[in-house]
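Below is one structure; the comments refer to it alone.
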Amino acid sequence: MTEGLHTPAGLYRRMRLIRGFEEMALRLVKSGDIVGGTHPYIGEEAVAVGVCAALADDDLITSTHRGHGHVLAKGSDPARMLAELAGRETGLNHGRGGSMHAADVSVGILGANAIVGAAAPIAVGAAWAARRSASGKVVATFFGDGGLNQGVLLEALNLAGLWQLPVLFICENNGYATTMPTRTGVAGTAVGRAEAFGIPASTVDGMDVEEVRDAAAVAAALARRGGGPSLIECMTYRFGPHHTMEHRIKLSYRTQEEIDEWRTRDPLDIQGRRISPDVRDQLDAEIGELLAEAERFALASPHPDPAGALDYLYASGLVPRGGVVA
Amino acid sequence: MPRLSYTKALNRALGDELERDPAVCVFGEDIGAGIAQLTLGLLSRFGHDRVVDTPLSEQAFTSMATGAALCGLRPVIEFQIPSLLFLTFEQIANQAHKMSLMTGGQVHVPVTYVVPGSGSREGWAGQHSDHPYSLFAHVGVKTVVPATPSDAYGLLVSAIRDEDPVVVFAPAGAMNVRDDVDFAALGPVPIGQARVHRAGDDVTVVALGHLVHDALAVADELDGEISVEVFDPRSVYPFDWEALAGSVGKTGRLVVIDDSNRSCGLGAEVIATVCEEMTLTAPPKRVTRPDGAVLPFALELDRAVQPGRDQLIAAVRTVMK
Amino acid sequence: MTEGLHTPAGLYRRMRLIRGFEEMALRLVKSGDIVGGTHPYIGEEAVAVGVCAALADDDLITSTHRGHGHVLAKGSDPARMLAELAGRETGLNHGRGGSMHAADVSVGILGANAIVGAAAPIAVGAAWAARRSASGKVVATFFGDGGLNQGVLLEALNLAGLWQLPVLFICENNGYATTMPTRTGVAGTAVGRAEAFGIPASTVDGMDVEEVRDAAAVAAALARRGGGPSLIECMTYRFGPHHTMEHRIKLSYRTQEEIDEWRTRDPLDIQGRRISPDVRDQLDAEIGELLAEAERFALASPHPDPAGALDYLYASGLVPRGGVVA
Amino acid sequence: MPRLSYTKALNRALGDELERDPAVCVFGEDIGAGIAQLTLGLLSRFGHDRVVDTPLSEQAFTSMATGAALCGLRPVIEFQIPSLLFLTFEQIANQAHKMSLMTGGQVHVPVTYVVPGSGSREGWAGQHSDHPYSLFAHVGVKTVVPATPSDAYGLLVSAIRDEDPVVVFAPAGAMNVRDDVDFAALGPVPIGQARVHRAGDDVTVVALGHLVHDALAVADELDGEISVEVFDPRSVYPFDWEALAGSVGKTGRLVVIDDSNRSCGLGAEVIATVCEEMTLTAPPKRVTRPDGAVLPFALELDRAVQPGRDQLIAAVRTVMK
């Protein structure tokens, strides 16, 4: 089980970390310290934390454009994560990735992908490698309801189903792909799609971290003993905009009532009720400090040197020709 | 004269064409809401039969447009991000582009693909900052990259009316440009026709899209010292070689500023064709993205990888030596 | 109903035409008159003919790399079809398409596609256009069992299911994608996949042209009255190689027994038994003459002029620069 | 010395690498049966864990290779037809290529993509006859196009050992070439290193893949009249500019024969770089496929669209004038 996620309080704490991190990120987008905006994970914390709670430290995940929650849930350092969003050299990706690509391979995150659905076959490949080496690792791949409509993800379901690979397909069904309601984009259901490829699937309450964790634990155990992939559809909701730039244009794809309704099922409150108020307050305070420290670290970190703009482009060390050759 | 923004020009062109021709229809993600501004207000004006919000299935809806085109419609597709052109390269380059020849002229495929916000958007990182117009020039799909609001209007109109597939790149760096425009004079701009934004005698600077504005600024800056002709091909493919021959014939010197990766980009094509077929009095120069460039996230890195004014000035000075 | 396919004898005759055409094509591949080889349709005739028998003349189809049967079933002229395969100016595509692209738009064939799965979304687009114009047309799209694994085809199922478009997805399950058995390539089933997208689906005996026709007729009627798409999986078999070049290398992906077993269910015999031997003989003779005439026509036709190699490239009349500019 | 065919050389290279390094594995369609010959006999030698027959899901298995590479494997993918590179352009150009930079060097993606039978196969028509190596040079994916059996062996070996994605094009027109080869001397050929097949003084002919053999034939034919240097870059990207500078520095004249479409192809890049950075005594020439070419089916049309010897001779004579 991923470190720190063994107890109800641990689950709460990690969700609070994500919530606080995302709120801080919103603030830093407004202040201009984070350029390019973010896709906030606020409201969906139980999914990432629940799934990672069911994984071992050396299990693997792939993440998405809305990836901060996954990265923090799997155990990345929030300070280096924030430094990444702020485009600093100390960031997880040395400032090369930013919000949509921030990832920490050392804790088992095989990249965050800005192309919807694109990570699923990468996860399948990692699972194939894991099976081949009999490492016992499983791979969880996160994607949204919109991702269900990407051909490559459906192809990936077929390969995983065919070869019985240790993959957890985690569908974060937050009701919308940007402005498109899931029901107008997805014919049939997520569960039905998985089952069509011979993959067992279930739908869980994505606002309840323990319910997510329990389902993921069953799937991980199945995968680990060679029983193949599963899909878990987590019904969830983003409390905020699709992207921080959403406010620039008047959108009316969902009602205030709907948002309010979902807010009554805040995953932090659901889990918060499972721990004592004192502990909750203490954890909130702890996280507050930790994030304040992360912010100090990130904003004090150096910006990358423009001379290194193409560093890391080729692993072999090939130095590309510049855009102007003297 | 009223001011028209680049974004509004595109929106207006699309609205006008939807109005003019019932065969025109639009497919794309979140286009009902109009989040990329291209389609703002069009759903309520034209309805769900003309403005179709699609699921995230770019490959299928790109070929769906091909199928609809085969049945007499003139679909326009909006892609939210430039790299969706990688995802749909098969559907555009291997399907839509090839159908006319492969069927011996039995069909044609009048589909327009628009990317509002191509190139760097600053801070959108590696997978959202591509400017792959040279890829389409290579496979031979008609490709335009308007620099100004009136060209954005006119080229989008021409693309929609064209009988072949056309890709329209609307660079993020140009979308805030505003222009004084006589609305009555707005009209189609022929695909394949260049525009000289500023005449000059000493050196031809070929610039495209948002870089036209950088080239104009550089021409201003060098005014008095060097007389720069700013040549905007507007279409990457087909390219207006005749007009370029006229410009280079006058100046005898050539610099290309091109937001593509260097190798096998538009800059290479322009220099190669000029050196094969025209006469220069000094070696030409390119200012481009580096070979194989992937735009890093951090702003100073993102900018370092894009061609810019300082480099252009240096290149112009070099060819003048 | 496509002209000529109203009667049992008509169905037999069209299948015989395809069979005879394909055998002739094999001969002409050997003789070198057809360059590049063919993907023979021999054994699968009942699928194309059965489906086209359920379509109206102005309904549409899309075809595949193994497309000769579809093109002939929909009513193209065999002589111009053969001229196409022989690369002649009189060919359906003026010699520009060849075996994998031969198509006749005038009888409702929206191209034959050499990329597996690629035609499905094109058919969906045509169906969308048909629905929008309330033309009442339906579109049948053929693809193999291998095509079931192409992402774009799965995406196309979603769009058709979502928008209830008049499409018939015709899966020609001939047991193999080149050398890969269907069961090792397809997790789940064709029918299950369609159903997952809310598309009604059934499996029929693809060797029995009347059974195929009946299923297609039901699907076409449903589509025509706005009831949306269907998928029909036709169990069939190719009696010959995947491609005429297959013999160049020793392959053992299927046994002689299996081939012999399927040959006992030759679709021509199944339908042949439904008409009198006299009629059958007469039709066989008729087709023989017709094909002999087609061969004469095709082989006497002029080759295209190399100067026109890029004719038709741009519908707008754009003349591309040549490969050498003087 | 024993004769080795190009096809057998590729097969041998792949077998040797599978033998040498347990991290190497192969994905592709019908590779167990070995219908493209590249993988003939490898399944029985290495088993299903190393040689994996895939369903027709090119996009998924291409990214699957990326995922396996992230976990320490070195996958090789066989694509049956060149246009599958269009279908998987997203997975190669936007995923595999970008991962190292986007993660700040946390990962690398050592995957090799091989197309046995690229370019025209004669009579396979529009969707099976592409030669899109310039597209990969543009996006910056390492790309090699070997011309001979020993280069096929050596470049495939180097591609597999390389830490980055590499595309290997094996032109259909070269796959029947045979060579006298000393098996003991077979070894890796560095990516990015050119080979001069024939030295000459008057003109440098840059030729790649199967066209190297045409260039050699033309050099023979012109022998006595014009002294032709046949320069084979072997790698399209990275390109061996240093060696080309050496050749052009000697001859002062340049012709490129290139089986890409003309616009923004390798030919353009070679001419552009030479004209920017080196000195020619006569204008250079390209012999290429036409702009936007789609290969028509009929043999005489198929051939008419490909660059050929007569055109090369004419081009060489022109630059010698």
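In order of appearance the chains are A, B, C and D, and numbering begins at 1 in each one.
As a convention for this text, a residue touches a chain if its C-beta (ideal position, glycine included) is under 8 Å from a C-beta of that chain, and two chains touch if they have at least 3 such contacts.
Worth saying up front: this structure is predicted, and the values here are computed from it rather than measured.
S.K.: Find the chain most remote from chain D, comparing centres computed as mean CA coordinates.
M.R.: A
S.K.: Just curious, how far off is chain C from chain B if you go by their C-alpha centres, in Å?
M.R.: 39
S.K.: Would you mind pulling out the distance in Å between where the CA atoms of chain A average out and where those of chain B do?
M.R.: 35
S.K.: In whole angstrom, what separates the CA-based centres of chain A and chain C?
M.R.: About 45 Å separates the centre of chain A from that of chain C.
S.K.: When you check chain D against every other chain, which residues touch at least two of them?
M.R.: Residues 55, 57, 59-60, 83, 87, 90, 94, 101-102, 125-127, 140, 238, 263, 273, 276-277, 285-286, 291-294, 296 of chain D each touch two or more of the other chains.
S.K.: Where in chain A do residues touch two or more other chains at once?
M.R.: Where chain A meets two or more other chains at a single residue, that happens at 93, 95-97, 101, 113, 115, 149-152, 155, 158, 162, 184-186, 310, 313-314, 320, 325.
S.K.: Just say which it is for the chain contacts: an open line, a closed ring, a star, complete, or other.
M.R.: If you draw each chain as a dot and join those that touch, every dot ends up joined to every other.
S.K.: How about chain A: which of its residues touch chain B in the complex?
M.R.: Chain A reaches chain B through residues 34-37, 84, 87-88, 93, 95-101, 113-117, 146-147, 149-151, 177-180, 184-186, 246, 249, 251-253, 303-304, 306-310, 313-314, 320-326.
S.K.: What does chain B use to touch chain C in their complex?
M.R.: Residues 25, 49, 54-55, 57, 59-73, 75, 90-91, 94-95, 99-110, 140, 142, 162-164, 192, 238, 273, 276-277.
S.K.: Taking the complex as given, what residues does chain C use to touch chain B?
M.R.: 60, 91-97, 101, 103-106, 110-111, 113, 115, 118, 120-130, 132-133, 151-152, 155-156, 158-159, 162, 310-316, 318, 320, 325
S.K.: Using the touch rule from the top, collect the residues of chain C that touch chain A in their complex.
M.R.: Touching chain A: residues 149-155, 157-158, 161-162, 184-188, 192-193, 195-199 of chain C.
S.K.: Spell out the part of chain D that touches chain B in their complex, as residue ranges.
M.R.: So the residues of chain D in touch with chain B come to 83, 86-87, 89-90, 93-94, 97-98, 101-102, 125-127, 130, 132, 134-135, 137-141, 237-239, 260-261, 263-269, 271-273, 275-277, 283-286, 291-294, 296.
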